[in-house]
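First chain A sits with chain B, and in the next complex the same chain sits with chain C.
Moving on, here comes the complex of A and B:
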């Protein structure tokens, strides 16, 4: 038991500094990447993972049931808020026509296909199931 | 030892926030600034929690929670303003 109590702060510091490493990687991506979409990608992934790991380390340090519950709630909030914000930023950038980096291209233009489908009613082709042998 | 490491971590978080501010200053579009401010918000939340541990004053955990919610609503309002031209 005493051994566990001695080991727990080191485990917590390992988690906290791993999370700090991911935050640093996210900031390097934010500074170095050429485009809004790629910067948003770096922010959304590295920030969520780094915050989660730092919060796990702080849970190990706090070791109190009420505060651990609150930290778990904060971790859940950030893990749901960051993807939502990232999605909305991507949608806003696409709707505003923000230019992409040179050499990048877009596959499967989903928004334009949805607009086209709404404008034209869907034409259903007759099935030709029985004729094929 | 843990306290010294946590103070170093707060220093690192401040440096990360300054680098994000550099991106927010030189970002070519508005959305770069939104992304950078989102990252600064996360760093501020972590800093508040670390100071809650260092001071043994656990009411700051509630402050961090409210800060997360407020930052989310603010980002949503900015993005809706950018998309539609009005908020309400």
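Moving on, here comes the complex of A and C:
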């Protein structure tokens, strides 16, 4: 028990500093990557793991139920608000026609998957019936 | 004000117990005065906001299998986020900058709005992909590298969500 109590602060420090590392990677990506969309990849994403790991470290440090509940709520709010705002920025940039970096590819899977879907019922339905029976 | 509660008593009870659980977690004491104040306030809140928290036509129902599948979904989503995050960190820190960004246009056949939101949010949370637009069944995703783009097209989590939705439709 005493051993665990001695180890926990170091584990918490490990989580907090690796969270800082991911936030730092986010900032480096913001400076290095070429256009709006790719910068958002670096910034919006390293936030999720970075803040999450810092919060886990804080939870280990304040190991009592009220603070852990509050930190869990903060984590849930970050995990829901962050993707929504990232999506809004991306949507606005896309609809305004913000240019992408040179050499961007475009894969159109929509038409192909529509065809696959049209073909699917003929092929897979007998198999499915067999599985259930 | 009371009509929604009368039509869906189980939903009101669920919201009441959720609020009470939150109150008990935050106050962290089982003194009877704390519990009494909590019960009174949860009751008032449930009645006062009933026309926002309880849907008019859908009855609140529970499907334990569905809940279990959702928990499994969140577990695998967490693993995916960690793995992909390390991938993005490696790409950013690589001095050669091996990126090839681009747009993927694909189909999304989920019908319930909640599972659509979950799917789109988990695409955005997974590093390397951002949802740009979801309109009808047209889904536009921005990907950081081409490998990631091909990974999004048949994602294991999408099939999981489809299974959850199938259970909802049957039961």
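Heads up, the rule we're going with is that the second predicted complex is superposed on the first by the 108 of 133 C-alpha atoms of A that agree within 3 Å, B and C clash if a C-alpha of one lies under 4 Å from a C-alpha of the other, contacts with A are read in each partner's own complex, and residues count from 1 in each chain.
Everything below uses one rule, namely that a residue touches a chain if its C-beta (ideal position, glycine included) is under 8 Å from a C-beta of that chain, and two chains touch if they have at least 3 such contacts.
Because the structure is predicted, anything quoted here is derived from the model rather than measured.
In the superposed model, A:83 lies in contact with chain C only, and not with chain B. Contact with chain C, but none with chain B, is seen for A:29 once the two complexes are overlaid on the shared chain. After overlaying the two complexes on the shared chain, residue contacts for A:51 are found with chain B alone; chain C is out of touch.
In the superposed model, A:101 lies in contact with chain C only, and not with chain B.
By the touch criterion stated above, A:40 is placed in contact with chain B and with chain C alike. Of the two partner chains, neither chain B nor chain C is touched by A:11.
Of the two partner chains placed around the shared chain by superposition, chain C is the only one that A:65 touches, whereas chain B remains out of contact.
Overlap of the chain B and chain C interfaces on chain A comprises residues 40, 64, 66, 70, 82, 91, 95. For chain B in complex with chain A, the touching residues are 1-2, 5-6, 9, 12-13, 16, 19-20, 22-23, 29, 31-32, 34-36, 38-39, 42-43, 45-46, 49-50, 53, 58, 61-62, 64-65, 68-69, 72, 75-76, 79, 82-83. By the touch criterion stated above, chain A contacts chain C in their complex at residues 22, 25, 28-29, 32-35, 37-38, 40-42, 44-46, 48-49, 64-66, 69-70, 79-80, 82-84, 86-87, 90-91, 94-95, 100-101, 103-110, 113-114, 117.
Those residues of chain C lying in contact with chain A across their complex are 22, 25-28, 81-82, 84-85, 88-89, 92-93, 97, 99-107, 109, 120-121, 124-128, 130-133, 138, 140, 142, 144, 146, 149-150, 153.
Of all residues in chain A, those touching chain B in their complex are 9, 12-13, 16-17, 20, 23-24, 26-27, 30-31, 36, 39-40, 43, 47, 51, 54-55, 58, 61-62, 64, 66-67, 70-71, 73-74, 77-78, 81-82, 85, 88-89, 91-93, 95-96, 98.
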